[in-house]
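A single structure is presented below for examination.
Labels A, B, C, D and E are assigned to the chains in the order they are written; within every chain, residues are numbered from 1.
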Amino acid sequence: MSTTSPATPGAETPAPPANTAAEQFAKRRRSPAQRVQHVLHAYPAISPLLVLVVSFLVFTYLNPNFGTLRTQSLILQQVAVVAALAVGQTLIILTAGIDLSVGAIAILAMLFSAKLSADSGLPGPLAVLVGIAVGTAAGAINGLLVTRLRLPPFIVTLGTLSVFTAMALLYSGGQSVQAGAMPDLMVWTGEIVNLGGLRITTGVFMVVLLYVVIGFVLKQTTWGRHLYAVGNDAESARLVGISVNRVLLSVYTIAGLIYGITAWILIGRAGAASPNAAADANLESITAVVIGGTSLFGGRGALLGTLLGALIVGYFRTGLSLAGVDDQWRVLSIGLLVIIAVSIDQWIRKVRA
Amino acid sequence: ACGSGGGSGSGGGDDVGVTLITKNSSNPFFVTMQEGAKKAGEADGVKITTAAGKEDGDEQTQIAAIEDAIARGDQGILITPNGPGVNPAIEKARDQGLYVIALDTPPDPADTVDVTFATDNFKAGELIGEWTKSQLEGEKATIAMLDLFNDKIISVDYDRDQGFLTGMGIDTKDEKKNGDEDPTGSYDGGDYEIVCNEPTTGAEDGGRTAMENCLTKNPDINVVYTINEPAAVGAYGALQQAGSEDGVLIVSIDGGCDGVKSVKDGVIGATSQQYPVQMAELGVKAIKKIADGGKAPEPTEGLDFYDTGVQLVTDNPAEGLDSIDTTKGTELCWG
Amino acid sequence: MTATTPETGTTSHDGRAPVLSARGLVKTFGRVVGLDGVDFDLYPGEVLAIIGDNGAGKSTLIKAATGAIVPDAGEVRLDGELVNFKRPQDAREAGIETVYQTLAVAPALDIAANMFLGREMRRSGPLGSVFRMLDHKGMRESAGKSMADLGIGTLQNMAQPVETLSGGQRQAVAVARAAAFATKLIVLDEPTAALGVKETNQVLQMIERVRDSGLPVILISHNMPNVFEVADRIHIQRLGRCAGIITPKTHTPSEAVAIMTGATTLEDTPGSVRG
Amino acid sequence: MSTTSPATPGAETPAPPANTAAEQFAKRRRSPAQRVQHVLHAYPAISPLLVLVVSFLVFTYLNPNFGTLRTQSLILQQVAVVAALAVGQTLIILTAGIDLSVGAIAILAMLFSAKLSADSGLPGPLAVLVGIAVGTAAGAINGLLVTRLRLPPFIVTLGTLSVFTAMALLYSGGQSVQAGAMPDLMVWTGEIVNLGGLRITTGVFMVVLLYVVIGFVLKQTTWGRHLYAVGNDAESARLVGISVNRVLLSVYTIAGLIYGITAWILIGRAGAASPNAAADANLESITAVVIGGTSLFGGRGALLGTLLGALIVGYFRTGLSLAGVDDQWRVLSIGLLVIIAVSIDQWIRKVRA
Amino acid sequence: MTATTPETGTTSHDGRAPVLSARGLVKTFGRVVGLDGVDFDLYPGEVLAIIGDNGAGKSTLIKAATGAIVPDAGEVRLDGELVNFKRPQDAREAGIETVYQTLAVAPALDIAANMFLGREMRRSGPLGSVFRMLDHKGMRESAGKSMADLGIGTLQNMAQPVETLSGGQRQAVAVARAAAFATKLIVLDEPTAALGVKETNQVLQMIERVRDSGLPVILISHNMPNVFEVADRIHIQRLGRCAGIITPKTHTPSEAVAIMTGATTLEDTPGSVRG
């Protein structure tokens, strides 16, 4: 047994005698808590994962229905839209920005494509493209305002939040468009795929794909690298010759594109295009990003964390609901659980040795 | 552990599980409804779980609550729908074998749910409209319409608004559309001017801001229609701070204990009283009955919902208009 | 306007045209005067030192010449062509590498990432050209080599974030970066300020190697022995102006310091041999 | 005339001849726009003030009612609560934090004091004190979580937003307490004082007082200085021997105290204590701070800006309404106006010479 | 554990007890070893220099001794008393002033504010004691004087934000601050790295003045001439450990550099006269 765990400090293997003070320090006794902390620290994604697993067990104990594939698929569907929007939000927050217009853009894109297809009989593929184009254009407007006018992203997106919301309502007249009135492709994202009991919508798959693609781009490409550099220290990035404005513009535009895709997923999820569909999307998407460990000051964080952050909130909400916790108590518990979950994460990250 | 079937396998023993989903949980009307449902549930062996939108109009939270009810294994859902956006989720619940009853607000279309227990909102509006007309005695009516929303179309909103105008004797044009009336013209007895249609979201601060907006447009308003009593409270605050609360007729709908007291104090002229506890009790009983193999009650004759009744509360009764005074109103009030 | 340094023409002492030259640079910050009409010239294959008291305008001068700030007035020429650097990127693209005094590193990124920031290595083949994938491994290896060349032996892990480095290690990253990428000239703003004795010598050797390979170097430093060791010519800044240009052959370090601090002027201290 | 304006560069006074390049540069010709920019730059508070004055003129032109004392008093009353909350929010944002629980704390404090006085007949002064104490305690809880658990303020206040909101609703049962049921002192903040036609509530006066006091403290005391230092660079502040945690704890606590006082103002304003009274307070208070020029990254900004920021939004809202702009168009215009107002401000700050 | 420096006892060469001493300090950062069991002593009225390559652990050593970081192991004594500095504040309150290598300034605050940060001057009378009002004017004047003492003549406006200062001006602010407030000892981590020749001399003179006034000084520097000019004893750090303690009298700068870089050891180079 001693030979199978050579990496564990303080194992009973005959180690070479400690010959420096630091080595002696490394071989000191540690409390079990410290050991756990230490292991978890080596894999930063483990800690939110752990929170997920523990809450899975607890909530399933409270109501066995929680553990069923059925409920799990439900949570995935409930979380999908916020998780998708949070991809764009993550990109923007990584550049030390913030996007308050995420919900407004998604609604604008959704209503445009839905109404165009319902009223003027635009065919499905075109309608979907229109939605994505509207999202992209709206994101590009944010980006232009941020880079040309040099306004704080908070102000820009606060302004466009109003502008895009009003445009969506003026265009739609507050009317929602029902699924039946749209081409099939528009609601295709709500179609269920049965994966051996896990009944998941195609929309959920699209969200997973979004995470894979953007996660790859962030870690593996020049663009991702520059995005982190700009968020970390824009002046340094400028001095080493990165075109800060170009990076920022592309980030806001791509975020808009992601919101445009999310609009499509949202239609499938809601079974309709309604102007209130994503009212809380701003705070919820920012919450997922921050719980996922990305810094609001930019330059630090990872996309995987955002996904886990979105899932944690979904777990808490549905888990408490299935446990039969009443509305106000549920709100209270979610507040506490968020604080606790992030505290655990912080505690693990804090470890130094 | 996997593959749970239809609506079976509730978490709480052999109780029947029901979720009550209200519009929000800060309006005393809905809090009363929750309490009423809990009480009725205890009596009938029904386990009630409550959920609510974050505010009036919040459809997303209601949709998630419906889905959770399905997942929890509940037999039925009682919902005061926040808008048409929840319809697909209701349909999904019914497909899964849950019994869904709407309370307070009939969905559009009405057959989205199995049955609705609600106030006849058009009539509730009509009553205060007729009362207002009689109080004015031919004087010019300068009217503020403090509605629920302006970005969403929902039955309580247009039913009450259009009912009120109908009661006044004003041509409402499209009966499902607020604000398409002629801005000026004559009602049964005199001239009218509609100054504004402002959204309140059925809450105090919304009511206050709405009233302030109307007052800046025309400080001579003498009739204020409000969608519900929280909005009326806000409207009164605005009038008071503008120093023009005297001689203004505020009318509202709800009949909560605070509202009836406002009528008594002369702050509100008249209010149409609703009976939320009744709605909740009827709803719980209906689901229990169906779970035990019985049948649901039928809608009231001539309506697409089951009418839980409405009465006009005022201390200045109008001729030919049935009403109860505030003493009686206080006996029947809730909250 | 060229009155301060009459001996500086557009062609050099030995007849060659300057690689980089500036005329009449002015830069004010509100009431503060950073540059007050400064000219300078950098000739092929030379090391030009810029010395001066704190706040004399040395950093502002090289910032104005490399696009990091846009001067209020004046012009900059590269190989005789008027250039209009609006951003540091423009200068980088023209082959000018600069180590700014503030180092310009992204603290949260690791050493390798910082070394290659803005000019990342991509994977070979379509992965790199089409998918623009980074060559993480290649960059780490190359960064390790560069750091070793500078004699920074205490760094083993190129994946360590720069914010965890010691002051000197951090500076070494910036210097290594500039050395690796310059094609036209290198500008170093106090590159050895935080460096140890050994590391400083390494940088001085690096400067000489670069010069020998034909690239001219601008070196800002407060260290007179170092300056007199490597510089071919010395530009003295004083109170936002050029107080004169000397060479290690014509002047002693203490004469340089005297001019720099205003204890004397170039006219009064013409040096032992006229440049 | 030339002698009365000696500070104007390029005036006709016989100036000493320019003897350095920089002086020549300073004496160059400037466009009129640059001159305006230059003057405004010297007084940073002028630019938002200018925005106010211009919008006053424009809105009064569009509808003469806007210029009346009556409308002006109305705007002050509408803005008062958000402006008061924004004082606390400014303190927190100056430390590079953010407070999402501001509305929740105000409501909690309001309902506690209102219900206690209505139900258990607590006398007015005590009830007011209870409200302030509840606010202070809630703020202190935020502060403790931020300093002890070292959680990002966003997460902490996101959690307590839920917790405090749920507590308020659970305690009050959603019931509002009407003015008549409370002691007079509780609604005293709604009393109107007539200042020669300007009908202003005592609550508005309290808000003005709040700005004066906290503005003074920020600029003139050690505590204010340390607050800026912590927000500007917490690590440097720590290294020079400032007790960062103590400063942060005090900031969150004092912010809570301010929210507690605001709860009292809110009761007067609403004429009742109702659980929805301050629903949008989070975003609105942050908006006032940011429009007022305070950086979300901490350490830069001033309280006066926040007041002007709150007023600007109030002017736009009421002004457009009086101009007969319809609701959705109003929302759209406000979005645009916010962006424009801040752009002008940025343009003025940008000037260097 | 004290094996590396056997000659360092708890009482000094001339019999006095050390003001500040540390034993067995260890600090690791993940896999990186910053300090590997370091002892050191600072005696009354002396200037102790700490030298060593980049990354040798100099900054980490003084951070551990002044509460900026908490060491993993080891103890620190002030006047023989065990102290447990958990925060830099604790050391400040004990009279220890430190200029950290990162300077620790608040960039957005002005020069005067930074000079007095954490120990602001208050108005006299109840305005100061009750209302805790700042004495803005007093602080500006006093800051101006301190800067002038350091020979920083280019700064006129004490209300200029520190972020707009030149590298050296910024460093001068931090040094002036430490000089003004120390009551027990001063620690300077590369205080002259960004300073000009004149300013550097001023700081060296300041160090000597402080020493002469009885306060001991710890000076970290890469500048051997400076170190040998002012230091009484020299602590050599190498790879996280103490490689020996020498004095300017017993060793030459090049011997010091040889020990520092590992070219030789203290045992092999005992110097001309044993300390």
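Convention: a residue touches a chain if its C-beta (ideal position, glycine included) is under 8 Å from a C-beta of that chain, and two chains touch if they have at least 3 such contacts.
Nothing here was measured: the structure is a model prediction, and the numbers come from that model.
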The chain pair with the larger count of contacting C-beta pairs, comparing A-C against A-B, is A-B
Note, CA centroid farthest from subunit A's centroid sits on chain E
Greatest centre-to-centre gap (Cα means) from subunit D is with chain C
Dist(centroid_CA(subunit A), centroid_CA(subunit E)) in Å evaluates to 46
Distance in whole angstrom between the CA centres of subunit A and subunit B is 37
Expressed in whole Å, how far the mean CA point of subunit B lies from that of subunit E is 73
Whole-Å distance, C-alpha centre of subunit B to that of subunit C, is 74
Going by residue number, subunit D touches two or more other chains at 169, 328
Subunit E residues touching 2+ other chains are 29, 102
So subunit B residues touching two or more other chains come to 25, 150-151
Per the touch rule, the subunit B residues reaching subunit A in their complex are 1-4, 9, 11-12, 17, 25, 34, 47, 49-52, 54, 57-61, 63-65, 67-68, 70-73, 83-85, 87-89, 149-153
In their shared complex, subunit B is touched by residues of subunit A numbered 62-71, 74, 77-78, 169, 174-176, 179, 197, 270-272, 274-280, 317-318, 321-328, 330
As the complex stands, subunit C meets subunit E at residues 29, 31-32, 52-56, 59, 101-102, 152-155, 157, 160, 164-169, 172, 190, 193-200, 222-225, 239, 257, 260-261
Listed in rising order, the residues of subunit A that touch subunit D in the complex are 96, 98, 100, 145, 149-152, 154-156, 158-163, 165-167, 169-170, 283, 286-287, 290-291, 295-297, 328-329, 331-332, 334-336, 338-339, 342-343, 346, 350
As the complex stands, subunit B meets subunit D at residues 25-28, 30-31, 55, 150-151, 198-199, 203-206, 208-209, 212-213, 215-217, 219, 230, 233-234, 236-237, 240-243, 258, 261-262, 265, 335
